[in-house]
Each structure stands twice: as structure tokens, then as C-alpha cells.
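Both complexes shown next keep chain A, but they swap its partner, so chain B is in the first and chain C is in the second.
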Partner chain A sequence: MKLELRDVGHVYARGTPFQVEALRGVSLVVEPGEVLAIVGGTGSGKSTLAQHMNLLLVPTSGEVLVDAVDATTLTKSELRRRVGLVFQFPESALFAPTVEEDVAFAPRQLGLDEEEVTERVLESLRALGAEELAARSPFALSGGEKRRVAIAGVLAMGPEVLVLDEPTAGLDPAAREDLLALILGLREAGVSVVLVSHDLDEVAEVADRVCALHEGRVSAVGTAAEVFYADPTRAPATVRVASLLRGASPGIGHPVRFRETLDALRAQQGT
Partner chain B sequence: MTTRSLGQFYPVSSPVHALDPRAKIIATAIFVVGLFLIDSTAGLLFVAAALVALVAVSRIPAGTFLRLLRPVLYIVALTVLFQIFFSREGVILFEWGFLEVHSGGLRMGLFLALRILLLVSSAGLLTATTAPVALADGIEDLLSPLKRVRFPAHEVAMMMTIALRFIPTLGEEAEKIQRAQAARGADFSEGGPLRRARSFLPVLIPLTVGAFRRADELADAMESRGYRGGEGRTRYRELRYRMSDAIALALTLLVLLVGIVL
Partner chain C sequence: MQNPGEGTRPGGSFAVSCERVTFSYPGSAQPALSGVSFALRRGEYVGVVGPNGGGKSTLVRLLNGLLKPESGRVLVSGRDPATEPFEVRKHLGVLFQNPENGLVAPFVEDDVAFGLENLGVPREEMRERVARAVRAVGLQGYERREPHTLSGGEKQRVALAGLLAVEPEILVLDEPTSMLDAAGRREVLKHLGDLRFEKTVLHVTHHLEELLDADRILVLNGGELVADETPERLFSNADFLRENSLLLPVVPRLALELGFPPAKLRTPEELAEAILARTQSGTRSL
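Let's turn to the complex of A and B:
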């Protein structure tokens, strides 16, 4: 499905001394089956933007369109099933006695029959390599395991768009690799992924397109290469190397994968 | 963003804010006792006028202050209704079936409503004009004579400070978890009261777990910074009575005495 934000603005606590304008006229399209990364510094509006994608936050101006239909006309439950949102530190919302029941929460809310629920739980736990955790208590898991279970809890709804807010924050390198592999796997399966992150290396690695936010406005949007080459000083190391190699290997940079860049570098050096 | 409600500190600078917290606590206590000694409407109205003046001096906008009172309006309304319908004093003003409204009941209802509003306003004014930390300092200091009989004044004040400090934090956390569960299809607005209460379990459980984790972390953080109770502990802000505190206390007493006499 195609998710479109048109001129979306959001003001927190309007009309009070605490008023904050978090988003100012953001227009953005999430194309079907792509990985779109949203990058930006702290306070740039990334998380606020993410919460507009399933209307957990309602825009104070502008609109959100799902396949060209105004998202406010859809029922909340349908919208939240089609657009899955994984919050930052999602493990803080685990609550059930076992992992299995926690992951089953969302599909049960959808009113699916028990057979289908069980199937979805297993499927999404397997996708995250967490099927052996099913019978354990979510509170007794390690940080990385909790994160995987929490993401499985949203994946179990079978979303068409999955929005991940800082999913790799605080994970060890191995868990991060696994998660990036999951994102690419979902993309293979036709799910669009919106990855909110401030780790530019991981963004360069998996994102088809990058949207950079600055003070609530879109400051750049395009392929990882286009966005990062615009200001090479801020680009992640791989992108910097890739940008230097671009003359010799015009193919690289969509996305900027470490492996491809390394191969291009080797080819140029003739090693 | 949190909405302001009863008991929230309103940070502006005013003569009332500047008073010593101990003076304000004592004045509020005297005021509350005094309210129950006043038995004439004229006296109550006089005290109410004085409180309105005090709110004006405190630079808290009238609208904000009235919003502080909103949570108790139900209790006030209920009190008035009870008095109106169940009191049989004075002449009958209005009759409808078995319901009779008597003049005495109406008068008594309004009198009690005013008294409750004044009670809550005075407490609200105290917490609105006194920072939570100052309030806890004041309470600790006022309770410190009880230390001689082994009353843990410092610990009680510290618990109060921490509890107050964590109200907004827990509020934020609750909101975050609620949104995370809403993203998983939880609906908090459908069904009867029982179903609605049950739908809050997925919020309450992680909130409680998080609160315990936070408490552990806070205890570790305090200990690693050398906290070991109130023994020999000095303060960043020393409390000191000034002339204005004495004047404020004297004025409070004077207003109440006039109210009682009236």
C-alpha cells in the first residue's frame, strides 16, 4: 500500500505556554515495498512524524492518505492493523505472563480465531528468531530478546507498512545485524518499512530512500547517496568512501552497502 | 504534555511565592481550622474576599486558579444537592412530588459549598505557590521537633519529594505505554466499565514493572552519590523567616478573627 503525508503539521499543547511546533508542513510518500529511512537530530520531529503514520497523533494541519484515501475515514483498528508502529524502546510495553500471550495480544484484538492467532504468533516469533522464547516470561528476558519479542508483537498484526522508531537503539552489534536482515526480509515479502534512526551507517545499509528532517521540516529526500552526498562531511564513513569512488563506479549508492563499496574500492586498487 | 490540575506548582514570582514555605504551611493550617470556626455567611464571604485578594497578589491567573478547583466541583455539587433536598428547615420555596426545597436547606447548602471551596482553594494556593521541594523542606523542618521521639521527619519529607517528582514522569510513561498498546489495536474507549477497566491492564502492568525498576535505579543513583539519610545533611536552600512571613501570619489570623466575629 502507498502511504502519503500531505503538508502535515503538528503543534503540541497549542495555546498554552508549553506550545511546541514539532512538524511544519511535512510532505512525504512511503512507496509500496520500499525501505524509507527518516533521519534527523534529536528534537527534529522524527518520532512525532512516525506517530502520524497510523494516526496515533492526529495532524493539526494537513492530511494522511492511505492508497489515496483520507486515513481519518478508515476505522482506527483497520488503520492500525495496516500500518504497524513499533515505538522506541517497545519492550517497556510488554505485559503478558508469557511471550506467546504478549505477541498474541494484537492479533486477538483484531478478532481473529485462535488457530489463526497461534499461527501468526509462531510466524512472527520465527521471523525474529525468537520462537524458543515463546513459553518464557517477557520480564525475564535480556534486553535484546525483549526488543525482538516486542517487535514480533506488532508484526503479528500482519501490517502492510511497518514503522520502526529507533529499533536498534541500545542493541549489541549482532542483534542489530539480525534486525537489519529482518527489515530487508520484510521488504522482500512486499512490506514497506519506515525506519526512524539516527545511525546513518545502518540507514545507508538498508534504505532505498532517505528523508532528512530538520526542525520539523523535510530538509532532504532521495536515495541514501543523494541525501548524504549533499553534505559529505556529515555522511557515514561508508558513504564518504563511496562518494570518493563514485567517478570510478557510478553504480554504487542505491543503497550504499558496505560490501559493494568495499568491492568497488578493491577493484579500483586492483587487489 | 501534562494538563495542570489540583496541586500543581505555578512558577511565577510574587510576594506569596516568596514567603517561607513553613509560614505558608502554618498559615494554611490555621486557615483550615479557622474555616470551621466561622458560622456566619457574612464571615465566610469576608474570608472569601480576602482569599480572592490573595490569589490576585499571587499573580496566578484567575482562569488557571479556577481550573485548579474543577476536580472538587462534583463533591461541591453533591453537597449542595444533599442539603437542598434533605434539609427541612425554613419555609418551603419549591415543591415537586415528594421533593421539597426549603429556604434553610438552600442556605445551608450554599454555605457548605463555599466552605469546601475555600478549604480546597487555600490548599491549592499553598501548592500552587510553593515549589514541591520547598514544600517538602518546610514539612521536614516543621516535623523536626518530632525527631526527638524518633519520628523519621527527613525520610518522610524525602519520600514526599520523590513521590511528587515522579508524578509527571509516571504520567508520561503511562501515556507512552497507552499509545504503544493502541498501536497494537488496544481500544480504551469501548465496552462497559468492567471491559474498560480490563483494557487498562496492558497499561498498568508494564507501568508498575517500570516504576519498580525506576525505584531501584533511583536508590542506586542516590547511594552512588553518597546519600545515607538525613543525619548531618546540609541544605542548598536554607529556610529563614523574614518580616514578611510574620506579617503574612498576622494577616491570616486577623482575617480569620474578623470572619469569626462577623
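Let's turn to the complex of A and C:
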């Protein structure tokens, strides 16, 4: 699916003294099967933008298009099945007595038969390495386990685009690596992933393209290398190191991921 | 059970002490913490790291009396948080993980003042302390904003300001920067750095880079205290880090892979400089 935002603006509390212009003329395409990272400082509009992707927030100007069709003409249930949104700290919405029932809640609303619901639940729990948690209470899990269960609940809808808002906040490094691996696995399976993150080092490892937001506007968009090398002061540590060495070693290239960067540095040192 | 009044003896000279503390959640087969002992001297800055489910958050809750140890003893400024939670909370303030859960008031400044109101601080002093705390976290101009219109990182700074305004001598920070971007994190860390020596700080985090300047780092895994080490020694032990799901930040990790001492090279600038120095000293072949 191709998801497009065209000149989207969003004003919170318009006409009150608390009016805040959170998005200003944002145009952006999420291509089928890509990992698109949305980066930017706190308050730059990242979460507001994420919530426009399935019209949880409706733009106060501009429009959202799903395969070139105005998203407001789709039913909400269809749109939210096709574009799954995982909030920040999604575990706060867990509610059912068991993990299995919690994950089954959303797909059951789609009117699938029980067999298919069960299959989807197991499949998404497996994708998150959480199948052994199926019979447990979601409230007795650790923070990382809860996070995976909450994401499984959205994945069980079978979305074509999965929007993850700061999915690794508060996770330990092992759980974070699992989640980044899941993102790459979903891309392999043809699902587009929109990753909202303030952690540029994590973005560097998975993003095909990067959209940088600043004060509600798109300040840069392109491949990860294009965006980060255009402004190495706002780039992951890998890009900052490589940029600093370019003067002495013009052949260092434009590595972004850790592994690429390590290889480039080793080549540059002749080791 | 020992008498809590004995807290002025050995353990009482420390800001915080835990003696063989064990705690299990109801219905869980394994203890969340088991036999944990350590002490914080006044003015120390100590980090706590370890995998999710390792016992970090349980430790925080035992320190401010939200949980009571099953066995062993916790003392905070010589008092037992299990029997005197309200007294302990005047001395020990906790910044919890998810700021959303802690914001209560209609405006930012009221939220920062909330803890002071409960302590009965006079109005004038309250104003000063709130203004100082708001400045300390870089939120000037936000005083009349409504907390629900703030971003996650801004909310985290409001929560931190509320804690600083109460001026406890011991601060327990449970992932204080988990929702901040790089700039916001640097700002909060700089302020936390300013508290060194002035406050006793226990800083729980997943980001080892926040603890480069810590006096010591405690590693909790599976409910046990598996290390109590200086950052320098901990960062150089790649096997131990891996076993405990700890990941060095990108720059020290690149440094370690390239054969440099990881705790010495913190910034991209320092690493680039070290690489240049090495290549210029003769071994280069471009």
C-alpha cells in the first residue's frame, strides 16, 4: 500500500489561548515495503504526524491518501485494519485476563471466524517471540514482554502499514535488538513500517528512508545516508565519526549502519 | 526482624543501604530480587543497569516504601521505608519511568508545585523553588502550558522539575531520559551532572553512556546483584556486558572493535581524533 500525506497541517485547540500548530504543510509518501523513520526533537510533531497515518487525528488542513484514494472516504474500520498504529507505551492499553485474549480482541472485531482469529493470534505472538506468554496474564509480565504483546495485538490485524511510535523506549538492549529485527522481518514480508524515534543510532540500523521534522515542518527527507550526511551534526554516531574522517580519507564513503561503518573505518586504517 | 530504630548504627551512616534484600511478587515462582546488598555514601552518583525483568524497578519501589522486602533490610537516611514511607519520601524522591502517569495539575507550574503544596511550603518560597526547578530543566515559558499538550520528552522534564522542587537529598531516577531526544537528553544529563556531590543519586537506565561519569555501576540480572564496578572496568569487559544484555553506546563499541580503550573515547570527535593519530603515526596504508 502507498500512503501519502499531502500538505497536512494540524492545529491543536484552535481558537483558544492554548492553540498549538503541531504540523505545518507536511507532505510525505510511505512507499510499499519500506522502513521510513520519522525523526526530530521533542515537540517537533512526530507523534502528531504518526496519528494522522490512520486518521486517529484528522488533519485540520491537507489530506491523507491511501493508494491515491482520499482516506476519509474509507470506513474507519477498514483504514485502521490496513494501517496499524502502535502508540508510545502501548502496554498501558492491555486489558484482557490472558495475553491470548488480549491479542485476539482486535482481529475478532473484523468478523473473522474463531479458527482464523486463533491462527492470527499465534502467528503474531510468534513473530514477536512471545508465544510462550499466551496463557499468562498481561499484568504479570515484564515491561519488554508487555510491549511485545501490545504490538502483537496490532500485528494480528494484518496491517499493510505498521506505524510504531517510539517502540523501543524503556526496552533493554536485547529487547530493542529483537524489535529492530522484527521491523526488518516485516519489511521482508512486504509490510511498510513507519518508525517514529528520537534515537538516531537505532534509526541508522533499520531505516531505508528518513524524514526529519522540525517545528512541525519536514526539514529533510531522503535515504538515510542523504539525510544524515547533509547535516552530520544531527546524525547517528556512525555518520558523525565518518564525516569527521572524510577530510583525511575521502574514500570512506557514506556508511550509516554500525557494521558498514566499522568495515569502512577498518579499510581506512588499512587493518 | 530488627528494630528500625537501630538505623543510626552501621547502615545509618549511609544515604541508602540494602542488606540481603529479597522480594517476590505474589504468585511468581522466582524472587524479583534476591539477597541484594549495597550501600550509597552521601554524595555518590551510582548507576543501575540490567535487562528488563532484572529487578531494577522493584529496587526503586523498595527504596521509597511502595513495596516491603520479604527479608533483609532497606534503610534510607537511617529510616526504614517499609515502616516510615512518608518520612522517607521527604528525603528520597523518585522520578518514575512513564511521566504520563504522574502529571496531575491543569498547568505546568501547578504540577511542578504539587509536591511542595503537600509539604506546606510557604507561598513565596514555593514560587522561587518552582521557578528555579523550571529553569533547571529548560522549561521557561512553559509555566502556563497544559501538561496534556506537551510532548513525551517535555512531560518528562516537567516531572523532573516537580521532583527537584521538593529538594530531596537523595534522588532515584528510573530511566529519566527514556523519552528525550539527543538534545533534551544532553540537557537533562547536564543538569543531573550539576547535582553531583550536592545530592546522592541512584540513576536507573538502559543507556550505559549516561553513566560514564558515575562513581559506580550496579548490574542487576535475574534479581541478583551481579556487579558493583567502576564504569571503566565494566565497559572494558565485553563478555560480561553481553551476558547481561548490556550494550555499549556506538562510539565506545566502535572504539573497542578497533582496539581503543572504550571508556576513554566518548564522542565521535574523540574517536575520530584517535583514529587519525593512529593512522598518522605510521601504520596507515590508504
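Note that the second predicted complex is superposed on the first by the 257 of 271 C-alpha atoms of A that agree within 3 Å, B and C clash if a C-alpha of one lies under 4 Å from a C-alpha of the other, contacts with A are read in each partner's own complex, and residues count from 1 in each chain.
To be clear about the criterion, a residue touches a chain if its C-beta (ideal position, glycine included) is under 8 Å from a C-beta of that chain, and two chains touch if they have at least 3 such contacts.
Everything numeric in this text was worked out from a predicted model, so none of it was measured.
Touch criterion not met for A:G25: it reaches neither chain B nor chain C. In the superposition on chain A, A:G190 makes contact with neither chain B nor chain C. In the superposition on chain A, A:Y12 makes contact with both chain B and chain C. Using the contact criterion defined above for the overlaid structures, shared-chain residue A:P173 touches chain C, although it does not reach chain B.
The residues of chain A shared by its contacts with chain B and with chain C are 12-13, 18, 92.
Considering their complex, residues 12-13, 16, 18, 51, 54, 56, 76-77, 80-81, 84-87, 90, 92-96, 105-106, 109-110, 139, 153-154, 157 of chain A touch chain B. In the complex of the two chains, the chain C residues touching chain A come out as 25, 27-28, 50-54, 57, 97-98, 100, 145-146, 149-154, 175, 178-184, 206, 245-247, 249-251, 253-254, 257-258, 268-269, 271-272, 275-276, 278-279, 283-286. Taken in their complex, chain B has these residues touching chain A: 1, 173, 176-177, 179-187, 201-203, 205-206, 209-210. Contacts from chain A toward chain C in the complex involve residues 12-13, 18, 20, 40-43, 47, 88-89, 92, 140, 142-145, 166, 169-177, 198, 200-201, 236-238, 240-241, 244-245, 248-249, 251, 258, 261-262, 265-266, 268-271.
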